[in-house]
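Chain nomenclature is as follows: A, B, C and D, assigned in order of appearance, with residue numbering initiated at 1 for each chain independently.
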């Protein structure tokens, strides 16, 4: 287990689907940040399942409680304990699957690694684990916004084979992202995506998708070469989210098909007196260090592993069997993953900002 | 700076292009591994520039010396100091660039982060930094092979818009990879790639590419959920390599276009009595933990930033200028990146194996 | 803030006196340990104030709840969330002290470090912070006992200038330690100590003391040279406990007055076939590594800083004033510190055991 | 092995007595510090054996080379590689001891932990390991002095049963400490100490001692509660030095015999406008955080384990034998330990200063 991330802004999470609670400890938050549950709840609510036809219908209130680290509405500089109670603490529908590891799910690997597993099967690979991250990320995000005006916005850029048109961040807000249930700001593509997810759900299947995330107003100089280059740490943060299969920054995989003369971002003096670049194939990072341009990256999510459709597979003992998952399951996780991606971005940036401070002191 | 990686198998690297030496300390290597410089040199030699028309012609011998941690041909269990002397310790051709940060290079960001930078410009973003990693990786690789028969092979799967046909690892060896200078085992594609690189070099441009890496004979149960899931740590390791822009595992970005019924890897009993999967869209990982199938992943490399072709850009002070890099530069780094990718894979796996040990004890 | 300790057995604590709760996350506990709140509660109860005339009378139930990481009575291998609610969440008696930093208390330094401080003054230097450690330590202790029969017993060896006679561990149990309220197994000394504490309390003063701790049945080979030698990590663990001023192992400071010919522990074959030593001036550690003999160490605790007696001091602004602490305060903390010392010992050993596993694999 | 220390100022050391070299990597040193070998050499020279009748006569030049991280006389902000070659790389006199673990030496525990050991026996418990620390400490010390005027001075306060009179730091310099070969600034005690060491050496025995260390001009607010309180980290740093048995800060063990009314340090406004304390039983630390008063602490060193005098002991196999160490050995290590203690103090403070920076930003 490695449930702690960060060097100076250190977040440790705990919790499975069916224990008493999930949550996190945030250690290293600067003192005197105005903070209450109301600052944290909105992103938790965006993460919550059952918000729309797109996502599973289990009702989870996910109300966060601050247990420590805040007094008189201000952070103390001490660890902030965060807790969200689980509503349903008993293993239910999941019980009967126990002898058949779900294909491409964590049942098998958890059992092999730990010699035990949660009744829900996936243990910490459960989406519910991400609650602690989202709560912690909301704190980082608030501090970054107050210090630098940092804005982090993620959206759905593809579902299955339906791609949104290329969207720049210019003016793009979370409200616009949330304007439709699939959270794709390209309304035309969004409608097609919703149709695809509905059809997929109807036949008890699931479908993957891609998120784009942009972070603006990032100080120059963040990232710790060599093993914690900005892109390396973002990649780790993003691929620590369940169901992810890929990460790319700036030009990404398409950059591998380009020539240097096309790909290099020329420097130019910006209107605000900052030396910037006229293109951003770098995605805001050079030499592993932020250059002041927006960070732009994408994360690939596989289709959810748990599907109601019949699958031929095998028991733990190797006997062939057919599995049909009971209950309701997310046919597509990308809309719900948005606040998680935003949170992991904020946690990564926050830690880098604090680590850079001594160089500017 | 963050030049240390690993929890139990801990590697710290040091060195720039023009200091006296580069190298690494490997802390946590199990005792009693047979080890000499001869075990480490081959991968360093594969990493060396000037091996072919494909890569830059600077002559660097890159002979490694073991400074500590080995006695009578066996590791002591104590830190292994590794050093490779730099031949050319004085800043040369690079001098005149100092007022113009090279586009998409690390000159600008290092200067902004540290308020200083090496004469060579990129400091630790120099390819020479990777020598320490390759040396350390060779040690990990040897131990993993002796324990589990682990084999790690990487190859060039695309250069620019030329793709190799899909290659499985079955029988693929490093010797086969090295059979041509571009290190692509698809001979037909290799020839085209070489042609493209030559044309690119002729016009003083550079070109990107993609590496595929496969690691076989991996124990089940490696990876530390949640923040050090196998894919998260591999992504961090790979994107810590200079010039990388993307990472994907298994189905990767194409998996985001698939349905769960296609993407799920059904379980089946393998001939060797191990419960495995009949497909491997997961890329050897489920729930962040290795499942015993081969790890399969790809890394995107951008075209090298330093090109001889004239580029319009700006000085540090914002004055427009034209930059033409002097000297010889790599038109394409992917062939040389192969031993680095293999090394970072070995380092990642080695640390996970040691961290898993107590669960099996 | 640095509220996380351990490499593979990682404990993160949170909480102040007057927030909603205190607690910890225990990450890295092996799966399949039988565990319930009943295994943790006894040491929390031993730590509780108000148990006797010796300690402060605030009534705190300190009931622990396991929030995650355990299912069907067994650990899952995932993070174990632990929480103890605070009863009194509002700043009370403490309010009026705010302009006068208590001498030798943490009021001043917390205010200077964080630019803020908890109403209770000391923030994380509060004894209440140790609850998370004691809860986590109980888990480690259970696992160590089951694996190796490890027994950890601490007792009061001096209060003020009253010393217990030299006690060896042979047969010494926690029950015997708890037989009197001062927790000193030398009944004669204990009575004097109790008398001294009563007299000290009567004049609203406080008094220091020393704890001895012995840990038996320790595997050979624990400790990670060079910076995490067994004695270095024990020293860190012990001096992270509030009010500590010193640590010594084996011969300790008296060893500095000895000759090598006296101090060296000769090897001899033990009855159980283990090569041991006939004396134990080393305190169970040689070269930073456990040698299989009992670990023996001592911790000095200063007299508690908060006293009711009038003290001449100064306000934050430098104005001379007289301070008399209101309310009831511990005149002597050493009896209550026993479970904390035992917990920190268990946490230190547990982490070393897990880190050693790969060498024995 | 755990040969890395520090969070932002990270030092990794390598090397045994008989490998090719010993040294360290210093990662996280701020850029633009003027630095050359001449800044590092003096403390290495103070650490060197063979300087006087007090210490062993092996001739070791111990010339340090900076391998990286410095260009044009200034630090780059990148890792600083430091190397000192070993002169004698072959196991010599030590060979014949191999079947008899030296009492209270690391031979036995290294063999048991690693299943292997260096020919010199103690591996990393060798005094030679400390070279890397001393070199790294000199860098930290230079930076701290330039930033805050921090001065760190250690001296011998007892040898065997001979105590120096209580010395305050007022005006005490390293030159005064070095004025006699035992490095005790109390000339009367020094003479007695020298006599004792000579007598001890003459009968092929060894003797222990205590070092006091004072660090002045320390910023308020350093230390990271709870697990890295200033005293906890200092204790760890000091007890990571070979042959140490105890650590105490401020009043230390004598503080455990005091009453709160005696021990509390009253606040008062200092001449320089800083709120300070009129006494310093706290040793410069309250609540784990520096309060601006001098840090004062003491470290107990046992008598060196290797003695020429005949000792009854046992072989690895348990056979009784008599051991007489060949060659020349240090009869007393405390004079040589001074630069090591100073270095570990500097490393600890440096890391805390960098970690505190973001709170002051």
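Going forward, contacts are C-beta pairs under 8 Å (C-beta built on N, C-alpha and C of every residue); 3 or more make two chains touch, one makes a residue touch a chain.
Chain-to-protein mapping (UniProt): A, B, C, D = Chorismate synthase.
Everything quoted here is computed from the prediction, not taken from an experiment.
Any chain touching subunit C (Chorismate synthase) that also touches subunit D (Chorismate synthase) appears here: A, B.
Two chain pairs, A-C and A-D, are weighed by contacting C-beta pairs, with A-C ahead. Averaging Cα atoms per chain gives one point for each, and the point farthest from that of subunit C (Chorismate synthase) is the centre of B. Averaged C-alpha coordinates give centres for subunit A (Chorismate synthase) and subunit D (Chorismate synthase) that are 46 Å from one another.
If you average the CA atoms of subunit A (Chorismate synthase) and of subunit B (Chorismate synthase), the two centres end up 26 Å from each other.
Computed centre separation for the pair subunit A (Chorismate synthase)/subunit C (Chorismate synthase) is 39 angstrom, with centres defined by C-alpha atoms. In subunit A (Chorismate synthase), the residues touching two or more other chains are 1-4, 7, 13, 31, 77-78, 110, 113-115, 123-124, 225, 359. On subunit A (Chorismate synthase), the positions that touch subunit B (Chorismate synthase) within their shared complex are 1-5, 7, 13, 101, 103-106, 108-110, 112-115, 122-125, 129, 158, 160-161, 200, 205-210, 220-221, 223-229, 231-240, 242, 244-253, 255-269, 275, 277, 281-283, 285-291, 300-307, 309, 311-314, 316, 318, 320, 356, 359. Those residues of subunit B (Chorismate synthase) that touch subunit D (Chorismate synthase) in the shared complex are 1-4, 10, 12-16, 18-23, 25, 27-28, 31-32, 65-72, 74-81, 83, 91, 113-119, 123-124. Per the touch definition, subunit D (Chorismate synthase) reaches subunit A (Chorismate synthase) in the complex via residues 7-8, 30-31, 77-78, 225, 353-355, 357-361.
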